[in-house]
Structures are given as structure tokens and as C-alpha cells.
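Shared between the two complexes below is subunit A, which has subunit B as its partner in the first and subunit C in the second.
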Partner chain A sequence: MTSMDFLLLTKGPLFQIAIAIFALGMLVRLVEIFALGRPHNYAAARGGQLIPGLKTVYKRFNPDPGTFKRAPFDVIVGIIWHIGFVVALLLFIPHIELIKSMFGVTWPGLPNPVVDAVTAITLFALLATLIHRLTHPVKKFLSTPEDYLIWTVTFLPVLTGYLAYHRLINPYPLALGLHILAAEIFLIVLPFTKLTHIFTAFVARWYNGAIFGRKGVQS
Partner chain B sequence: MTEFSLERGLNALREEMDAPVASFFSSCVHCGLCATACPFYVETGDPKYTPIHKLEPMRLLWEQEYTLWGKLKSKLGLGKQVTDEMLEEWEPLLYDSCSMCGRCSMVCPVGNDIHYMIRKAREGMVASGHAPEGLIAASVRAVNTGSPMGLQWKTLDVQIKHVETATDLEVPIDKQGADYLVLLSSMEIINFPEYLEAITKIFDHAGVSWTLSQQCFEATNAGIQIGSKDIAATLVQRVVDAAESLGVKNVISPECGHAYTAIRWEGPNAIKRAYPFKVFHIIEVLDQLRAAGRIKTEGKEMDRLSMHDPCNLARKSGVIQQQRSLMDLVADNFVDLEEHGKFQWCCGAGGGVSSNERAEELKMAAFKRKKAQIEQVEPERMVTMCATCRTQLEEGLEEFNMDIPVVGLTEMIADHLVERDKPDDAAAKAGG
Partner chain C sequence: MADSSAPVPQTLGESLRKNGVSRRGFLKFCAATASMMALPPSMAPAIAAALEKARRPSVIWLSFQECTGCTESLTRSFSPTVENLILDVISLDYHHTLQAAAGDAAEHAREQAMHDNEGEYLVVVDGSLPGPNANPGYSTIAGFSNLQMLEETIAGAAAIVAVGTCAAFGGLPKADPNPSGAVAVTDIVKDKPVINVSGCPPVPMVITGVLAQYLTFGSLPELDEYNRPLAFFGQSIHDRCYRRPFYDKGLFAETFDDEGAKKGWCLYRLGCKGPMAYNACATMKWNGGTSWPIEAGHPCLGCSEPDFWDAGGFYKALSVPTGDPGDVLLAAGVAGAAIGVGAGILGRRNSAAAKASHEKVTADELEQKL
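Take a look at the complex of A and B:
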């Protein structure tokens, strides 16, 4: 198999399979959650649920001052790499073109050197989170193989993207193929691991805000 | 409580699974931030006290039975099973090291309401026979005698007589159609008899129509602390029966945070119907009276005062501003702790920790967070509005040789009431 064949494989059938597993898997996960429902609450409400729920969805991007003081590393590095990941994913022009070809929607991207810098920062931040996970007593204690697996499948697309962009792997079709493969692994793994938080965290935050909101507290 | 077994425990847990729980377990990324929110972790530094870890048995069951992937894994014989040994190991984590303060739920970046799940997980612990002895004993006493401390009406009656002599006022008992049914907590009756005297004075001053009920005076609910819906329902039903037979429109929960969440939020769900009356914490009622101009005070406390918000009242029930408005009325030099209101730190004694002798050491460890907060502000006295918090603050401050008395807010208000003309005095004056 030439590097071109490999690229075509990753761009063609493998990509289709990955998208299908991701979409179907995620759908099952969400159905599994919502199908459980919520029991009727007989206690007289003090406040609403909808708006407090939405506010909590937003507020957890922005931790309370006490938490920031007690865990500044988690907050800063966590925010940096999450933003970096999303910027590289959604504002890199070739990615936007791919999305346009698939869904027909488009938006402006950032200049390549900017995305490049963001990617480099994201890689460092991700490495820092790994070191933190391996050394911080609570994180080390909580971590399971799954946590290291999802770190790896998150790190690889960023890393291979960076290597491909800088032509550090040759030939180029191989580099690009590896990047696409890494993204596919990410998509396939997502519904079966806590990577689901990409979607379910919004659900969880809403429920949290709704449960507290009903009692008159903005959580 | 009949037979306990692993299967019953697992069934109880299954009953507790709902969409929020599934979304929470699906979202945890093991970041560990919830640990930084928990006084039991912060003051011991032991990672096993990380809030989400306390839910591992429930999470395992959820994964195995409520996710396709988990079902597949357990079919293939992969993954751990929830066993009796596991539940036994988790018993101290779910009871001794958790006051159900709910602070972790405010902090988790993915939005997990961890304390919501801890409450649920305890149902499984009780049904499988893994609840702490102290809490079982309290529950049995509550069911059998009406009070978790085994206190009887005659003890309260003695206190009522004292109050009546001291105040020259009547303490209304079983008064049909009163506006408010006043409940008490045994802890309060024993440790802080001042409370009953204080509300007797305040309600007389404000002209509130109220009553106690011989049928049911206890507001706390051991069933909710231990995690047994059946016991909870039995105990709540007593309050509802008493309120209905007296035909009251409102029920007042005493200076006890737990009792308030128990009756206000959990009670209707325990008996599966809405109440025909409203439930208020005494602080809410006092603040309503204040706002309506029915409480007239004179003079102010001049020393430096700070306040401990009971978790159940503030973070878990949204009563935050009321106590501050009341403080304004009677305190000249009030300063809040740095993290207060919905972000306050637990005193360490809630959620059944104080009824669980085994947890004594952890309870004092968790108190150190509160102590640090108090040291930062250096008040001359602390004010609070929960008998459990107050007892814990008093014991804790004494343990660390800090000479800071703790006062109940209701009493403090009662101390500043403007003497009201007695109706007969007024009549005498008018006549003379």
C-alpha cells in the first residue's frame, strides 16, 4: 500500500465508518440518558428550572473564585487546551472546507500561523495535564486506564496535525493520512468513553442548574 | 426495615437511577476538582475522600446495567461487580466522610450534582445493610418514639412550663386553625431551650397565631439522613397528619438545616403528594415579619459578629439574604466569612455525621475548614441558625481553644424586641 492508498483509505471508507460509529454511538448514549427520565417532584418550587439550568451551563466555563484559588493549574491549563482544541478543530481553514463539503455550512477561519501557534500551545498544555494526572495525588488516585486512553486519543490528532502541517512526517500523504486516522480513532472511541462529556456535560450542567434553580439557588 | 441483602441494595440503587444521574456519570472526567470543594478531603488530604469516588459502587452499577457498552462488557465477564464487600468498604465513605453539604455540586466543571447522587446512593446502603449503627439507632428511635433522640412530649412539656413562667406568656398547644404549626428538633430542645422562649416572645410581639402539636413536634427526619425512603415517608406523614388535623396553613421548621430540607424538599416526594400547607424555616418567617414591619427592635449588638450559613438552609434551599437582613436589624458590626452563602463551607456535622459516633474524628477534621474561615475574619461571636451546626461550632471552637461563643439568630432577635404594651396594660391605661 502506498502512502497515497493509505490516505485514500482514511479519507474514504474509514472516515465513513468512523462518522457512523460516532453518530450512532452518541445517539445511543443520549437515548440511554434521557430514557431514564426524572421522577415527578411534588415539593413546591422556589424558582424556575429552565433559565437557571442554562445559566449553569454557561457558568461552569468560569469557575468560582475559591476553586480558582485552590486549583489554578487545572482551571488555566484546562481552559487553554479546551479552547486550543476547539480553535484548531473549527477555525483551521482546511477543516472548515471539509465541514463545508460535508454539511454545506461554513464560517471564516483563522490565518494558518495563528492556528499553528494555538496548536503548539495546546500540545504543551495537554502534556502538562498528563504530567499533572500522573503526579497529583487526587488525579493519580482517580485515574483509570480509560483516562490515559482518552488523553492519548485526544493528543494524537493534535500532534499528527501539527506534524503534518510542518511536514515533519514524509511523504505528505502519509502524514495527512495519519492525522485523519487519529481523528477517526478519536471519533470511534468517543461514544464509549468519558469523551462523551463533550456532549453530556451540557446535559449534566443543565440538570445541576435546574435542580438547584428549583430551590432558588443559582449553581 | 426488614431483611437486608445485596440484592435489595442493588434494587434500591436501580430505583434511584434517573436521567440526571446518567448524565453525571457520563460526564465525569476525573479532574478531581470536586475534592478541592470537600472539607473532608481538604482537611485530611486523603484522595479517597474525593466526592465522586464516594459514588463508585453506584457508578459501576450504572455502567454495567444502564449503558450498552457496559452491558456488553459484563456479558464478556469484563469489569468489576458490585459486591457486599465493596459496599462495606464504601460505607464510611458515604456516611462518615460526607455531610451532604452539596459544595462539590457547585464546583464540578462538567456540572455533576454529586451530593444529589450521594443522597441516592445511601438508599442502596441502607437496603443492603451497610448503614452506620448510630444512624440506624436514631432511625429506630425516631420511628418508635417520634424523636431520633428518644425525647418525649413530657420532657418538652417541662420546658414549655419553664418558658411560660419565664415569659409570662402562653405557649399554645394543639390550637385548631392557627396560622403556623411550629416544629422543633430534639437536639434543640435538649441543647438550646432558649429557642422556644425566643419564638414565644417574638410571635407574641408580632401577633402571630401559632401552635405546637402534641401529636408531632419533631421536625427532623432520620429516614432522610440515613437514606431510607420508607422511614422518611413514615416520619413525614406524622407531620402532615398533625398539620392537617390542626388545619394549619403553614408549618415552621426550627433552627435546624436538615429538618428544613427534609420537610421542605424531600417530604412531599417521600409521601408522593404535594402538601396542603406551606413550609418555612423560622428564619424565613422572621424575615417576612421584619419586612412587614411586625418586628420592632431596639438597640444593637456592638461586638464583631460573623455568621455560619447552614448548608441545608443556604446552598441547598436558597435562604441566604433573609438571615443577613435580620442581622442588619440587630447587629452593628457584622462581617461575612469570605466564602459564604451558597459557597459557604460545611461545619462538618451535617448529613448524619454527628449522629455517627464512628465519624467523630473526621467530623472534627472537617471542622478545621470552618475554623480557618473564622480565624480569617476574627469575630468575637459567631451567629448561626441550626442546632447541629451550632453544637458543632461550639464543640469545635472549644476543641481548638478558641474563645468565640456561638449564638442562635432567633434568640438574638428576641433579645432586641421593643417591649410591647400588654393588651390589659393598654386597657388599664385607657381606663385610667
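Take a look at the complex of A and C:
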């Protein structure tokens, strides 16, 4: 198999398979959660649910002071790489072109050097999280194989993307193919692991805020 | 094709003098060849000396399933340039399009050249050919299938040069669904050296450059994973593109007539395949160094790469997947939603059943059991 065969495989059939597994898996998870519903609340509502729910979705982005005091590393490095990952994913021009071709929606991107710098920072932050996990006794004790799996599948698309952009793997079709493959693995693994938090975090936050909103208290 | 009344010049040097090429002009060509081959300029005199003495190798040019674009490209090297002369000084003994002879006489010329230069002649192929399992009737010459003619002609060849993407990789005829069962030369030729000079068509100077390199060193050039000479195919279009600073700054043309297009910004978003294409267009350019596609404002199609016809739309960015994931996504989404609803209902049932079958125990009962 030549590097071009590999690229065409990852851009064509493998991408279709990955996106199908992702969409199927993620919808099963989400629809199941919604279909399960919540127990009926017989108490009279003291406030709305929608707005407080949305507020909580937003408010949970601020780390609570207690958590920050106990684990400043996790909060700071966690925020850094999450933002970096999202910026590289959604604001890099080639990614925007891909999203446009699939969904018809588009938005302005960032200049490549900015995305490049963000990616480099993200890589370092991700490495730091792994080292921290391996050296911190409590974290190490709590870590399961799944945690290491999702670290790997998150790290690889960023790493291969960086290598492809800088053309550090030759020939380029191989570099790009590896990056697309890494992204496909991420997509396939996502619905069946903790990575579902990308979607469920917002559902959970909204439910949380909505429950408190109904009770007429702040969350 | 040499003038039959004058003695045929045996070496390139003789031929050049006969054609009135100055020593200075010749050395300039040698310097250009040296730089094309990524050799130091000090190699130019050595190349000149080697070329001066080079004997005219016999070349048999086979045209199979092709559009003649490769030959057109070659002949468009502005005459009279040294490139043309390189072709004059090789002994082009058989070439459908360029030779005067036709029919039996033409085929006879091929057989004669093969016989006279056994083991030494070069075979140049342009065009793909119907493979061993395909209907040979898709392309025949003088009653021979392309496959027969190729196998017969290469038997005594020193090396084969596959010119153009069709010969090198199958090209357009091989594009999905490949109705004629087209294959590349390397799919057939396994026991002889094959140099692929890809491009649709290849840059004329690259064709002549490869021949010059062969004449100079008498050996095959260093090749990449696709058997292409590294001297010409070692760098990507993207790495040598003069629009690259705009790519690096993130400045892109988004349509063919927007501000970015007018300012000459990068063509990535218009579908440029330069990042994955390895060719010499950016440095050697076309039409005697006048311009090249990206300079003319058109994205690179990646025509020097295998399967470029099937590698996604020409005007879709390189990052866009081939095929149409939209339908797949929709089908998977509908299936996912259905299974999700099913799982949800099942979950509700389970919890209702658990509730129904829940047996209450009083403290007294517990005490009795203990």
C-alpha cells in the first residue's frame, strides 16, 4: 500500500465508517438518556427551568474556589488544553472546510500560526496531565485503563496534526492520512467512553440547573 | 528522424555543433540540469563533458491509452531549445505521433531498433494499458494488444521510462470505475528498471531532464517510493510555492474573484492539492518558464500523484473527505436515534419492573429472620 492509497482509504471509506459509528453511538447514548426521562415532580414549581438550566451550563465553566485550592494544576492545565483542543478543532481553516463540506455551515478561522501555537501549548499541557496522572499517588491509584486509552486517543490527533502541519512526516499523504486516522479513532472511541462528556456534560449541567431553577433556588 | 542525406551525428556534442548551439548555451543548459538534479553548480562541466560524449541511445516510444498530452508537452518546449536537441540526439526510432512512417514500415522501425540495440535501448511509454485480465480490444496497435507490444518491446530494453501519470499510475483511464481495466507500466514490468515521470502532462524539462540524467550518468537516478526521480519529485508543490507565505499567515482566496484571489493569496480553500503533490512545476514552471497553474490563479490538481482523479473534488479543500458522508451520517443518525429510544423504553420498563417486584420488609420480619 502506498502513502496515497493510505490517504485515500482514511479520507474515504474509513471516514465514512468512523462518522457512522460516531453518529450512531452518540445518538444511542443521548437519546437513551432523554428517553429515560426524570421522575415526575409533584411539587409546585417555584420558577422556570430553561433559563436557570442554561445559566448553570455557563456557570460551571468557572471552577469553584474550593476545587481550585485543592487541585490548581488540574484546573489550570485542564482548562488550557480543553480550550486549545477546541480552538485547534474548530478554528483551523482546513477543519472549517471539512465542516462546511459536511454540514454547510461555516465561520471565520484563525491564522495558521495562531492555531499552531495553540496546538503546541495543547500538546505540552496534555503531556503534563499524563505525567501528573502517573506521578500523583491518588490520581495514579484512581486511574483505570480507560483513562489512559482516552488520553491516548485525544493526544494522537493533536500530535499527528502538528506533525502534518509542519510536514515532519514524509511523504505528506502519509502524514495527513495518519492525522485523519487518529481523528477517526477518536470519533469511534468517543461514544463508548468517558469522552461522551463532550456532549453529556452540557446535558447534566442543564438538568442540574433546571432542577434548582424549578425549586426557585440558585445552583 | 535525422536528415538522411547528412551523416547522423553519433554524439550529443556533434549534434549540438551541427545544430548551431553555442558552447555557452550548452553550458547554461548543463548548469540548469545540475541544479534540477540538486547537484552543486561545479558539476555542470562534468555533465557537459559526459553529455558531449554521450552516444545517442535508441529510444522506442510506445503510446497506449493516452491523450497525446505528454507528447504535446514535450514538443512545446520552445524550439529550438536544447531540450529539443536532446530529443534530436537520442535516436527516437519509433513514435506514432512524431514519426513519418506508418503501418508496417513503422512497426518495422520498432523491430529494427530493438534488434540493432538489443539490451541497450530505452523504452518510453505514455498512456496506461488494459491489464492482463481486461479485454485487450480496448487498445490495440497494428493488431497487437498494448500488453503484447509492451511485453515484446521491453524484453531487450535497458530501462523503461513511464512518461505521464497514465503510464506511471494508470491515470484517467484507471479512474473509477476503470472500464478498460487499465493498469500502470509498473503493474506489468517487474524485472526491468522503470522510471516514472508522472504529471498530466509532465513538465517538458522533466522529461528531457530525466533523459539527460540517464545520458550523463549512464545509470538510473535516485527514485522515490513511486519510482520517480527525486531530483524532480523530491519536493512538494506546497514547499516550493510562492503563495506559501499567505498559507502560513492564514490568508486564503475563498472564491476565484474575491479580494484574496486578486491579491494572490493561497488557494488551499479553493481545492489546492499542492500540499500532497510532488512535482517540479513551482520551480521549473511551464511554457519556457513563463508561468504555472498556481501562478495563473488555479489550484494545483495534484496531477503527479497516483489516483488524483479519485482523490476528491478538484475544487474541494484537501481536508474534505471523498465520498458523501452526508447520507451515511443521516442513516447512522436515524438508526442511532431509534436504538436510543428503544434503549430508553427498555430502561424505563426495567425500572418499572424493578419497582413492581420490589418486596417490602418490615422491621419485625427482619428481626424474625435474624
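To be clear about the criterion, the second predicted complex is superposed on the first by the 210 of 219 C-alpha atoms of A that agree within 3 Å, B and C clash if a C-alpha of one lies under 4 Å from a C-alpha of the other, contacts with A are read in each partner's own complex, and residues count from 1 in each chain.
One rule holds in what follows: contacts are C-beta pairs under 8 Å (C-beta built on N, C-alpha and C of every residue); 3 or more make two chains touch, one makes a residue touch a chain.
Keep in mind it's a predicted model, so treat the numbers as computed, not measured.
A.B. asks: Mind working out whether A:Asp64 is in touch with subunit B, subunit C, both or neither, as first, second, both or neither?
C.D. replies: A:Asp64 contacts subunit B only, not subunit C.
A.B. asks: In the superposed arrangement, does A:Leu168 touch subunit B (first), subunit C (second), both or neither?
C.D. replies: In the superposed model, A:Leu168 contacts neither subunit B nor subunit C.
A.B. asks: Is A:Pro94 in contact with subunit B, with subunit C, with both, or with neither (first, second, both, neither)?
C.D. replies: It touches subunit C, and subunit B stays clear.
A.B. asks: Look at A:Arg29 in the shared chain and tell me whether it touches subunit B only, subunit C only, both, or neither; answer first, second, both or neither.
C.D. replies: both
A.B. asks: Regarding the shared-chain residue A:Lys11, is it in contact with subunit B (first), subunit C (second), both, or neither?
C.D. replies: So A:Lys11 only meets subunit C here.
A.B. asks: In the superposed arrangement, which partner chain does A:Pro113 touch: subunit B (first), subunit C (second), both, or neither?
C.D. replies: So A:Pro113 only meets subunit C here.
A.B. asks: Under the contact rule defined above, give the subunit A residues that sit at the interface with subunit B and also at the interface with subunit C.
C.D. replies: Residues 28-29, 32-37, which sit in both footprints.
A.B. asks: Which residues of subunit C touch subunit A once you look at their complex with the stated criterion?
C.D. replies: 224-226, 236, 238-239, 247-252, 268-269, 275-276, 278, 305-307, 310-312, 316-323, 325-326, 328-329, 331-333, 335-337, 339-341, 343-345, 347-348
A.B. asks: Please give the residue numbers of subunit B that touch subunit A in the complex, ascending.
C.D. replies: Going through subunit B, the ones touching subunit A are 17-24, 26-33, 35-37, 41-42, 45, 47-48, 50, 52-53, 66-69, 105-113, 116, 264-269, 271-275, 278-279, 315-318, 320, 339, 342-343.
A.B. asks: Using the touch rule from the top, collect the residues of subunit A that touch subunit C in their complex.
C.D. replies: 2-5, 7-8, 11-13, 15-16, 19-37, 93-95, 97-98, 101-102, 109-115, 167, 171-173, 176
A.B. asks: Sort out for me which residues of subunit A touch subunit B in the complex.
C.D. replies: Counting only subunit A, the residues touching subunit B are 28-29, 32-39, 41-44, 46-47, 56-57, 60, 63-64, 66-67, 70-71, 74, 78, 136-144, 147, 191-192, 194, 196-197, 200-209, 211-212, 215-219.
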